[in-house]
Structures are given as structure tokens and as C-alpha cells.
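So the structure is just underneath, and the comments pick up after that.
Chain naming follows the written order as A, B, C and D, and within any one chain the residues start at number 1.
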Amino acid sequence: MAFDQLIGAGAVARVIAAWVGNVAGGSGYAFRRAFEHGIPRPLAMEDHSNFSVGLALKAAAMGVPYLPTFTGFGGDIVRDHPRIRQLADPFGGPDVLAVGALRPDVAIIHVQRADRQGNAHLWGNLGLTVEAAYAARRTIVTCEEIVPEEVIRSDPNRTVIPGFLVTAVVEEPGGALPSSVQGYWRRDFQPFLDYHRTSRTVDGLTAWLGQWVLEIPDRRTYLERLGPQARERLAVRDQRLAAAANFAP
Amino acid sequence: MAFDQLIGAGAVARVIAAWVGNVAGGSGYAFRRAFEHGIPRPLAMEDHSNFSVGLALKAAAMGVPYLPTFTGFGGDIVRDHPRIRQLADPFGGPDVLAVGALRPDVAIIHVQRADRQGNAHLWGNLGLTVEAAYAARRTIVTCEEIVPEEVIRSDPNRTVIPGFLVTAVVEEPGGALPSSVQGYWRRDFQPFLDYHRTSRTVDGLTAWLGQWVLEIPDRRTYLERLGPQARERLAVRDQRLAAAANFAP
Amino acid sequence: MSIATYTRRELMVVAAAREIRDGEVVFVGMRLPLLGFGLAKATHAPHAIGLFENGVIRDRPAEQFIYTMGDPPNIAGAIACLGLIDVMSLLQQGRVDVGFIGGAEIDPLGNLNTTRTRTRDGVVRLPGSGGAGDIASLAGRTVLIMEHEPRRFQPKVAYVTSPGHFPGRRRGGPATLITTLGVFDLQGGMFRVKTLHPGVSLQEVQAATGFALEAATNLATTQPPGDDELDFIRHADPEGFWTGDTMRS
Amino acid sequence: MSIATYTRRELMVVAAAREIRDGEVVFVGMRLPLLGFGLAKATHAPHAIGLFENGVIRDRPAEQFIYTMGDPPNIAGAIACLGLIDVMSLLQQGRVDVGFIGGAEIDPLGNLNTTRTRTRDGVVRLPGSGGAGDIASLAGRTVLIMEHEPRRFQPKVAYVTSPGHFPGRRRGGPATLITTLGVFDLQGGMFRVKTLHPGVSLQEVQAATGFALEAATNLATTQPPGDDELDFIRHADPEGFWTGDTMRS
């Protein structure tokens, strides 16, 4: 949905992605308008599968020009793809596809907690978060809580990115809403449905961007606008704590 | 040290490794005798750096014939190496080295806890443990504790290998001794020094293998032979618990 | 039991569940396959393991309804929560027996299009591959799920997002297609009606298919859901979000 | 302060510490570089970050003495505990400023051998690269640490385990060599005496070096350890395990 909103706002010239849509319903209408009709501006598209875009980020994270894979043979994604080449296997096996490195200018990742140096603990859904954080030229960590450094150091296996790779740390509770954050926030599904319905037309999208982006000076206002009971409805109150892990030496 | 002991026992025909020695002192004497003089049997050696052997395992874990790297250029390890080839970068950058996949027949990994299905939690030192577990045809998990499945499921990000990749699970507390296990056992350094001294000669090694391997029917006997205070001296009693992580949905 | 007592999508869930054998490793999608996986686990395949492309591995369905595979209830209680590259690597290694994918268009070779197509009004952009192209490329076999409409069944799809059968395929390929009208056998490049859903005629299916169909002379009827199966589905999707009679996408 | 008040290895630790600039990312080895890293952190480089090839990232020294980088005290209180591939990937990305490596033999180009050599008695097998070859290949610059003995300083090493300067090198290479006799500048392929340890003459160094040395006319003396520096070292290595006068390997 975030892709679609940025596209609809005219902020995007080129998309490199495996999927652009809305988890509520499939189609991203702003994406379609841009791709099909150049509204509000023409859009260049580099299509991927989840694995190939993941490997492109992973290649950058590993510091190599490409990673080999078997995904994509027989399909149109890899045909004439600017970032994918068919290569012979130097060990005599079948050909592989080389997916070229993708180095984002900026990655923004939201985590549960980080210290002031940017050492960040993340748990729950990972997807390609870690690869993106390592691949990017600059990585910005937003977090539910800035915690004392001893909290991070109590569980170094939970650290997904060391602070020396992090450009900035932002404490922004609820910063991933309406998406979920394990142990902190439930997904707020209604905004996904609302956006999907509203963004069907340019006028609807413009109104939506006004109401939910341009008129929102900060996250607190966003939470207020979600409704008086938003925090109560969405904040996780239960506790299901990870089993103890002892790091004593 | 384990490499050296297996070699000294005549159990090894070929070593694929980046380093064979003893953390106490450097040289592995049995390794030297086998390599230099074919005692007790000739030894084929495939030399690696830590990264290249790691990439070989990672390639197998990822299901690809090789992974590209820049490590090794200008050195002798990669010269005429059976598993490493120099390749052109299909995207026009400098050449890379392709490290071919290495698929162990068996990997044995020791973890803190696993459930009966082999879903395993590991924390502390990782090294190449996870890559080996994914790369191998068969993976055996030994653990300090078999725990109820709810313990593993309380922290799915701590699971380093899912049980469906695991051939067998063995509950064997202290199974990594004399090496350490975070939160459970300290390193017992004396056996490393003793082995290093004793293994200097074939006779010394033979005596050592008798005393510490052939006459040891089980782990309990091993712990007893370490000395009456071994458990007290080596078992971790302190608690430095990982900060709480809430997985409540 | 009459056809009025269950929806076509409920029947499709049941048909999907039947494609999973006990003990199999299943690449699960959202929507109908997710329900099918849960149903299979609850009935004939209690030992099946489910992988999600975001990195989640589960051996039991989520305790609450989920909109996306990253939603907190899909992580809580999982066996493992790894990254996208990790589970895609397992897929690429050949560790996944069966994967489910959907499409907007299909052709006789089982090629699926979810990227872009062309109508009288011009180009229509669809969301893209997501993980579908990877599952189609790398799973041991795939089960396809489609709305059965004439415009979706094309002699040749406009874009091959998820490759079907093609010369030189190394592994897998479409095994079964489940539609709103019937179940089809796609093994080895065939496209043959296997069963028709209750109340559906072969003529009706042929009319909804943009290419000639093969069919056995004595066509069986798709076995309708039993009461236990319906109970399970309605418990898992209490509001009919995915299985109601109105399609959401 | 007279030379009798500190050991040569203590002096080498101090020289190693001085090679670390504040804020740098350092690939730390065991033994003397580990102590040097701790000393640098405690004095002029409080913001240095230390990476260990097993995956550990620390911004402060371990609280207890460690024999190996995987020992529990090196994990407790770490910023992050990742895998070997993760930290090697950071190294390959170019995120590491300086790395420390040792060797059994060195030549004028800074090539190090820790794999195998030849004496009058035949082949001598050494432990191998470990991570040294990777650090030599990929770090922004390397600092080498050696015993200064004639048999170790060869016109050409028998085997290049850790590549020094060579035509076509893309990054890094040996910057400084610290020996038991002095400090040497190896930048850009030179091999020039920089400072002599107190009480050591140029003649003595040349006699211990199997090839011709370059030296400035007015050679400075290596700055001896200060009291604070010695205090730090003796606190970190109380039994002189690494810094005592008897070499352990």
C-alpha cells in the first residue's frame, strides 16, 4: 500500500519490486494509473519475483555483483531483464540466472527497540528487512522504544543490524501503523480497505492524501485521527514472552 | 581439536577446512603427522579461508552450484583449487571467484534446546553452524535439553533450524564439552592444553585416545573422568537473561 | 448435502486440502490455500509443515484470522520465523514438496499471468509475481487456484509470471488446477478435466475456457465438503472474508 | 622507564592499539590484536567497533579473559552476535577499516604464509588461513603481527595464505607490520623500517630479516608503553598468557 501511495503522490519515477498492490484487495489503483496511463507521471517498472528482488538486495548486502539462482527459468520476468543474466555454471552443471546487486539509497526499517547508537532488536516478521538494511547506502531505524544499551547487549543474537551501519535512529511508537508490530501493535485493517476503495479515482486518492498525509504533521495526530479508541483497539496488551535465554558466560 | 583427534584416530581420508589446529597452541600434531608423513594414513587436504568454506556451505544451503566472492585474489588458496573458479562478471565489473557448493553428508550441531521434532533454539556463538545444518544431507541436533514444543514456539526467531530438516535429536547435556555452551557450560581449557602436549607423539595420542575416547562409553563417564568437581567448575550458575520479547499477537 | 449448503470457495478449499499429503512440506499462500493447509492438518495430513514466503514456518494454523502472512497471529506459535531468503533457499534446495499459487490468466501449459495483460481498453497492470514465480519455478509440484472465467483461460497468456510446463524444466511444474468449476490434471503438460464440481457440466466448463479441454468419458464429481470440513473452514474464516460468495479481488 | 619493565609482546600490543583510529571498524583477531583493540578503546579510540570472524560485534572488550572468540564472555555484552557469513559480508562490502593478521612467514610484498612451508626436514604443515586470508583480501587496510626471526622473513613465502600487495588489488593491503623488533611501513608495496623497539639496532633487525630492508636515516624508537597502558594490558591478560615472555605457539 505504501508503494501505491508514493506513486499516487507523484513521488516515484521507477519501481523495482515483485508485487505492488494492497493486501486488502489486490490491485493498487495508483500504480495501475501510473503504469497504464502515466498519471500523475510515467512509471518505469522493473519486475521481479520475491526471491529475485531478495537476492538483488542480498548481493549488495554481501558486497558481490550478483547472486546465482534457478528461480525464473521459463518465465517472462527474467527475459531481457536489466538485472538478470543467464550464465553457464563453471562447474559443469545447468545454467544459472545471475541477479545483479541492488543497492538502495535509503532503507527505513521499523523495529521494536534500539539503543542510541542504532543497534536494533527486531522480532516477528522479517521478510527482507535485514537484507535491505545491510544493502542500503543509508539505513534509518525507526523504533517503538529507544532503550538503554544494556537491553540490546542482553541478547546480541536478537540484534538484526549493528549501529555502525545506521545513519539515524528515530523513536516513533506506532511508526509502522496501520501495519502491525509483533508484541506492540495489531494490524489496523480498516485503513487498507478504505484506501483501496478511495484510491480507485484520482479525486479519491487526492482527498485521501490530503486527509492522511498532507494534513498530518506528526504521528500523534495520525493516531488521533484513527479514532479516539485507536490506541486501545490496536495496542497489544497481552504478554506471550519468549522463553528465557541465559547469556551468562 | 576435534579435527585433529579424528585424523589421529585414522578416521579421516580428506579434510576440507580453513584451519586445523588447537585453540590452545596452534599446531595440530596429528594433522601434521598425517599431512607430512601419512601417519596413520595419507590425508588429502582442500584448503580454504573461513569465508570461502562458509560460502561453499552457504551455496549448498541456498541450493545453488556456487556463490561469487572477492576473497582470495592474489593468494595461493584459490590457485588450482578444485572448488574455486575465476569468472567474468556478467554485468561488466571485475572478475569474481566462484566457490562451489559443499554438501556435507552429515552435520552435527549442538544447541541449548530443541523439541522432539528437532526444532532447535541456539544462542551465543553461531559461526557457520546454521549454514552447515542447512547444507548437510542429514543433520543431527544434540542439545542440552529436550523441551516442550511450546518453549520453542514462544520464540520462533530463535529457531535456527526447523525440525523437518533434522534427522535425529539427541538430549546430551554437556555434549559440547570441553567447548563452551552459552548459558550452560564454560570452556574447560585444560583438556585443550593436555591434548596439545600429549598429541605431540603417536604414543601420546594413542594413550589419549584410549583414555578419552575408546574407554568412554558415555557422556556421564566423560564428565566423571574430567574430575569430581567438573560439573561444579564448568556449569554456568549465573543468570544474565535476554531482555523480554513479547510475541503476543 | 445439497450444493446450496456450501460456497464454491469452500469447495475449492476442500479440494486444495486434498492435494496435501501427510508429512509434506507445503509452501502456503494466503486466502484459500491457507485455509486448505489448515484443513489438511486438521484431517488427513497432521504432520504437514507450512512455509510462508516471508520466512514463517508453522506446523499448526494461526490461532486467529490473519489478513497477511506477516500478521502477528501467524508469527505467534510458529516453529520458526526466519527471513524470506531462508525459506526461498529451502525451496530452491528442493525441500518443498508442494506449493499453491493463483493467477489472473492461465494457458494450457499451466503458465500463469499476474503481471500485465491487454484488453480492448489497453494495457492492464496487475500486482506482479510476489512469491508465485518462485514457487512455480522451484517447488516439487504446484497446485494452481483460479476463478474460472473465459477471459482468464487463454491459449497463450500475455505474460508468463509463474512458469508452467516448458522444455528443459528441471523440477516440478503444475500438477493440479482447482477452479470455481472443477479440478484439472496438469501433470506433464496435459490439461485434463479430473472432476467437475457438483452441478457443473462439461459444456459449461468448456464454454468458460478459451481453449479445447480434454476429459475422461466418465467424469467424476468433486467430492463435496463434509460437515467437519465446513466446520473447520467456517471457524477459520468466520466472516467468509475469503470463502464467501463474493470474490474480494 | 627501562625495557625490563615490559615485555616485547606488551610493546607490540601498544603498537597495535596505535594503529586503530577512533571510530574505526576493526576486524579483531585473538591474542595481541584483541588486547590492542581493548587498549585502543580504553585510550584514544573509544568509538572503535570490533568485529570477530565468528559473527560477534563488540564495542567494548569482554569482561573476562577469553581463549577463543567464541567463548561465552565474548558473546555476553556484545552489540550483536551474527554468523560468520554476515560479518564476512560486511568485510566484503568494504565496511571494515582495518584488520589484524599474523603469519608464520612473510615476504617483502607483505604476503603471509600460515599454510605450509618446507625445511631441510621436509614439508611442514601449518594450521591454515582461518579468517586471515579474508581479512587480507577485503579489509580497508591490514596490520600484520609477527615474531621477527630470520626463517620467517623470506624473499618469497612458500605459500601465499594471506595476500599482500599484488598488481590489480582492488582494495586494502598491508599498511603496517609490527614485529618483536620494530614497526614497519608496508604501504603501497614498500617495506620500510618505521621505528625500532627500544634497545634494538637496525643491524639486529636486518640480520633477522631474510631480505634487504629500507630505513630512514634518523630512525625513531617505538614509543614504549605508558603505565596506564601496561595496567590495562595486565588487567586484561593477568597471567601473561599472550603477553608473557614465552611465546605460546
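We adopt the following convention: a contact is a pair of C-beta atoms (placed from the backbone, for glycine too) under 8 Å apart; a residue touches a chain by one contact, two chains touch by 3 or more.
Everything numeric here is computed off the predicted structure, so don't read it as measured data.
Touching chain A and chain C at once are the following chains: B. Among the remaining chains, C is positioned farthest from chain D, on the basis of C-alpha centroids.
The geometric centre of chain B is 41 Å away from that of chain C, both derived from CA atoms. A straight line joining the Cα centres of chain C and chain D is 58 Å long. Centroids of chain A and chain B (each the mean of its C-alpha atoms) stand 35 Å apart.
Of all residues in chain D, those that touch two or more other chains are 56, 71-72, 75-76, 81-82, 85, 91-92.
In chain A, 63-64, 69-70, 123-124, 126, 152, 157, 182-183, 186, 236, 240, 247-249 are the positions where the chain touches two or more neighbouring chains simultaneously. According to the touch criterion at the top of this document, the contacting chain pairs are A-B, A-C, A-D, B-C, B-D. For chain A in complex with chain C, the residues that touch the partner chain are 17-21, 23-28, 31-32, 35-36, 47-52, 54-55, 58, 69-77, 94, 123-131, 179-180, 182-183, 186-187, 189, 192, 236, 240. Those residues of chain C lying in contact with chain A across their complex are 53-56, 67-68, 70-72, 75-76, 81-85, 88, 91-92, 111, 115-116, 122-134, 136-138, 159-164, 166, 168-170, 248-249.
Interface residues of chain A facing chain D in the complex, by the touch rule stated above, are 60-64, 117, 119, 134, 152-153, 156-157, 159, 161-165, 247-249. Chain C contributes residues 25, 49, 56-57, 59, 63-64, 71-73, 75-82, 85, 89-95, 138 to its touches with chain B in the complex.
By the touch rule above, chain A contacts chain B in their complex via residues 63-70, 85, 87, 89-91, 93, 96, 98, 100, 112, 121, 123-124, 126, 147, 151-152, 154-155, 157-158, 182-184, 186, 236-249.
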